Amino acid sequence: MAGNTFGHLLCLTSFGESHGPAVGGVLDGFPSGLPIDMEALMTAMERRRPGHGEFQTARNEADLPEFVSGIFQGKTTGAPLAFLIRNNDQRPADYKKMEEFYRPSHAGFAWDAKFGFHDHRGGGRSSARETAVRVAAGALALQLLGKFGISITAYTGQIGNVVSHLSPGDVNPVIVMDSPLRCPDPLAEAEMKILLTGLKAEDDSTGGVVGCVIRGVPAGIGEPVFDRLQADLAKAMMSINAAKGFEYGDGFAAASKKGSEHNDPYEEQEGRLRPASNHAGGILGGISTGEDIFFNVAFKPVSSISKPQLTAGKSGQVQHLSIEGRHDVCIVPRAVPVVEAMAALVIADHMLISGKIPRNIL
Amino acid sequence: MAGNTFGHLLCLTSFGESHGPAVGGVLDGFPSGLPIDMEALMTAMERRRPGHGEFQTARNEADLPEFVSGIFQGKTTGAPLAFLIRNNDQRPADYKKMEEFYRPSHAGFAWDAKFGFHDHRGGGRSSARETAVRVAAGALALQLLGKFGISITAYTGQIGNVVSHLSPGDVNPVIVMDSPLRCPDPLAEAEMKILLTGLKAEDDSTGGVVGCVIRGVPAGIGEPVFDRLQADLAKAMMSINAAKGFEYGDGFAAASKKGSEHNDPYEEQEGRLRPASNHAGGILGGISTGEDIFFNVAFKPVSSISKPQLTAGKSGQVQHLSIEGRHDVCIVPRAVPVVEAMAALVIADHMLISGKIPRNIL
Amino acid sequence: MAGNTFGHLLCLTSFGESHGPAVGGVLDGFPSGLPIDMEALMTAMERRRPGHGEFQTARNEADLPEFVSGIFQGKTTGAPLAFLIRNNDQRPADYKKMEEFYRPSHAGFAWDAKFGFHDHRGGGRSSARETAVRVAAGALALQLLGKFGISITAYTGQIGNVVSHLSPGDVNPVIVMDSPLRCPDPLAEAEMKILLTGLKAEDDSTGGVVGCVIRGVPAGIGEPVFDRLQADLAKAMMSINAAKGFEYGDGFAAASKKGSEHNDPYEEQEGRLRPASNHAGGILGGISTGEDIFFNVAFKPVSSISKPQLTAGKSGQVQHLSIEGRHDVCIVPRAVPVVEAMAALVIADHMLISGKIPRNIL
Amino acid sequence: MAGNTFGHLLCLTSFGESHGPAVGGVLDGFPSGLPIDMEALMTAMERRRPGHGEFQTARNEADLPEFVSGIFQGKTTGAPLAFLIRNNDQRPADYKKMEEFYRPSHAGFAWDAKFGFHDHRGGGRSSARETAVRVAAGALALQLLGKFGISITAYTGQIGNVVSHLSPGDVNPVIVMDSPLRCPDPLAEAEMKILLTGLKAEDDSTGGVVGCVIRGVPAGIGEPVFDRLQADLAKAMMSINAAKGFEYGDGFAAASKKGSEHNDPYEEQEGRLRPASNHAGGILGGISTGEDIFFNVAFKPVSSISKPQLTAGKSGQVQHLSIEGRHDVCIVPRAVPVVEAMAALVIADHMLISGKIPRNIL
């Protein structure tokens, strides 16, 4: 119930601060008997990791989760899966100026108001570093879902004003995986690169949108009226650093449509009734329909920029602030595996609640 | 933990089906000692109620919540506040055709997949009738918040492609309350009426957007990393029938902004540091900043339309379906008090968690 | 999460006060498709009901739960099961003196300290009247468990110093059901009656012990390390009014045993390994073993007695207080169905969590 | 909600297995700003640690919790407090025989039934090793409570049939701390030693009772009707390995008392009404009265004994089993700090829920 635990039956508890010794997580409620593919888990971690794209921060961290519980002889035991990810590359000197300033649009100001305290060294608990925990836990959930025919592909759908117009159903996970910007649309990606190069030169940043498509979810998961599948997905996504919006199916575009345009009529396919179109985004009344589930998550521009900003310091005097240190031009490519991970946790949780995944994998 | 309970310390449990004898709710964790203004509660109920707008369904229900627990001598006792809202105006005959068809984009199909069962009489638990419960509980939360200087105003921000361009800070609750469409912008409202009149003539429907602004929340509420204030608001909003998207602060528009445009620098006002602008929407790092909190919720077009739709019946044969019965052209004006109510539940819950509202009001 | 909701996946939310219009409950997470036997439910209600034994209070209430949600055409729908039990027989006059006194060992004193308020008319929320809700919800859970071969029998094991020495395995539910004192041992029951007659003449009361045996639970339910089966049973039992102790298996007697006496060795029976004895009480390491689960719950003597007590009134002056009104000499026979009900809720919840009962009964 | 997290607002998530690399915990919801006394924490850990009493197992583990989150510059930050306790002294060879046998009355049999799997190396997650996590987390809660004038003293009240007859109010924490058996009564302790020496010679074990007294809790904490203070205490205690029973106040002895004997009349003391006696054990109606809270927890005899037992192996054949390895004669002295720790977690949680401890300590 405390704020660092997420989920109903499958619960992730997250801990750790960006400049402490480690971040980590405890994933409880995971079925016993699943063989864990540590290489696949490392690939997922690698995708979130900063430092290997030209528009991303140069921190260099191996991000190897050390599992201390829940796996025996390569399989899950049913005990909580606990892991640590050490923080190896801390440079507190970069943050010295932060004792005098609240960085504009950064969590420090609000954190101070709440806890009477904020670790100025780089965000502490509000740092994007915390999302490494989600990716590690999500990688476990993804492996579990894979065993039940469910795949999840998140991707960069927009950076700044450059938008990929591929429909979710056409997104190819292989292309996304190979793309440095995690964009399924090579033409859009080329433009995104030009945009990012320009912003980097200006010491500025931009936002974007992560899309996500979930394939293979059977009809019947979701717990109305409050734990509707989209409500739990929305909470999961809006709990990610820098997320500003969530929409599923036709989303905000549905607002200006007519019912006769937006409705998905039924048709029979191979003796089974199913919606002929999928404006709904795979969920009706809070419950999965068996069609692809897809949604978008908007991210704000990175707030830490080197470009000087006029802002008042803690003493009240307005001054130019230029935030040094290592910062992404756009968080979106790195947010892609985080969105994927959180989606996996929600879907696995609801598959367990519905009894569609057993507690014990044989 | 089951799907019909919402909240952490202040919990609403909702029950009832649209064509059963009653819907109702239990609001637990509410402080003792608050005098309840039943007239104000009835006004809130009245605003949600169908049947008094020309674009809304003609059901006629008094919607008087009968309180059976938690109030003694006009004050809350600290015991759960339980109430019933009787369903007086049921016309099951309208729904006869629904035994043969799943209505396109209606919950029945998914509900059947989950429960092996769906009450064809009009949505059962998936009906918008259920939102009356939220409005009644939210009205109690609004009264509690009012005592602590917090006010919440939801409003119609968009219907179809007609958009109100008032900024959230300029929304006047008195104008909203007086507006039949709950729109704070009279010019936009006039256009909206024309649009709705046309759609009604076509037997069609449309969607829209509800905006909401929360004033007076102190800095420091919200429980990162998962129970961030915006995450709980997102879950609350996306649990409302027909909601398709949620955004706060600059929302999806933030995606195409630069950091230097989107950041809110600090300034000193009356000896206190505060953000000079509010692109953030009143929340940073998941915690309130003390500024106005504002967000939007997108709603899809009403799926029940009289305009004939080509769709397959349960037997598989494609046929024209024309949904008779009473249906709104646009749900948005009636969703306004529901959004307000759910926001009130989230804010009151977090005020209690943070200790900013005591369990016992003196 | 608020204090009036119990359970993990199967959640009972309880509401209502003894002297308000009704008590009631919402049982959420109950599988869809179970035919409900209303007569069996009424029989369970009848057993808890006061007024039909010579040592029990003379309140006369029909205690008919009115279901307002969750049942359609005689079967559960998967929606929350909500019910009201009207309070028909209120006699506030009996409680007039209570405005001047806190009744010794009654909840009023503590309730006042918490809520700044206590309904002097007879316990309000702390009244045993609230247990009617548990019995109604438990009756539904019992029907669900019955479908899966699980039966629960609670019984009077001790009244005052009169103890039934039947072992839990020998308790016959038919004898218990027929016994006015719910005692499986007719010789003990005869003595109990003599004891109670004497106490009634003295205007005094006594306590006792309710035993309970649960048969047919498969091995493998319970969620260590905190949601051990016995931990959830203990919480359930200790949440009942007047309960002072819980023990399972050999319980407190195990404290003075040797390991060699207390251990249950294994033996093979029909090709299956099982414990040859059952000192454990059917649970090891927090998980069911497949053997009978049995436990005891101690209840204190009824605190409301007509016999004069020397106690200080709210004004501080010590005076004789004689509590008029209708009171049981011993609560134990009426606590029997409450213990049974709470046990049913815990076992059904864990059967659902373990996936041993599906969410949808075909 | 998953089984390895305990608490409402203050939540302990426990992880780790006895023969994995570490056990550990995450304590979330802890107020910010409390200076942590690591020496006091180590003293608490030391008390639980095996290997320094002649009747306890000879495992030698430093049990130093390594904190990886939640403390900055010696104070709590409001972020989750996460810690690891490495397992240094594993001797899997001792457990080789366990691949062929389920140890009688040990968790392995039930664990296998649930997870299809049990770590035969020594209990895995069901090992008493897991309680080290509770003690570390409890030590933090004890420091928090100390700041608010609340102290908790658990003690050995019974070993085998040797009972200490000190009343809870007379228990002196200094004597308990100095006593090797954690017994407040030196005469009883002397007898307990003789008993344990005899049992050790027989290669047998025994059970016992841990008592606990909580001083300084203000009136008004506890959340009826289900999260009554005693219900949460009972769950906490019954979640401890080997616990078989819980009672508070007069407990099971209340069963045979009369109302007139058991009731606590009120008296005025220094202008304040309070109970003149405390049969209630400091809780009425689920809410603290301001008096001492006291309870007992029964523990079964240690099930791992070297004395040969006749039991069937997994193959079904009955054989003598003599469990080698390091085992306590009686777990009770080591359970004392575990009971204290769990009590501290419950009380701190309820103090936070009631708003009597703020989220931010100045």
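Lettered A, B, C and D in written order, each chain numbered from 1.
Heads up, the rule we're going with is that a contact is a pair of C-beta atoms (placed from the backbone, for glycine too) under 8 Å apart; a residue touches a chain by one contact, two chains touch by 3 or more.
Going by UniProt, the chains are A, B, C, D = Chorismate synthase.
What you are looking at is a predicted structure, and each value in this text was computed from that prediction instead of being measured.
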Neighbouring chains common to chain B (Chorismate synthase) and chain D (Chorismate synthase), by label: A, C
Identity of the chain that, by mean CA position, is farthest from chain C (Chorismate synthase): A
CA centroid of chain A (Chorismate synthase) to CA centroid of chain D (Chorismate synthase), Å: 39
Where chain A (Chorismate synthase) and chain C (Chorismate synthase) are represented by their mean Cα positions, the distance between them in whole Å: 46
Length of the line joining the C-alpha centres of chain A (Chorismate synthase) and chain B (Chorismate synthase), rounded to whole Å: 26
Chain C (Chorismate synthase): positions in contact with at least two other chains: 1-5, 8-9, 14, 114, 125, 354, 359
In the complex with chain A (Chorismate synthase), residue positions of chain C (Chorismate synthase) that touch it: 1, 9, 353-355, 358-359
Interface residues, chain B (Chorismate synthase) side, partner chain A (Chorismate synthase) - complex: 1-6, 8, 14, 102, 104-111, 113-114, 125-126, 130, 158, 160-161, 199, 202, 204-209, 219-228, 230-239, 241, 243-252, 254-268, 271, 273, 275, 279-281, 283-290, 298-305, 307, 309-314, 316, 318, 354
Touching residues on chain C (Chorismate synthase), where the partner in the complex is chain B (Chorismate synthase): 1-5, 7-11, 13-17, 20-24, 26, 28-29, 32-33, 68-70, 72, 75, 77-82, 84, 114-117, 119, 124-125, 359-360, 362
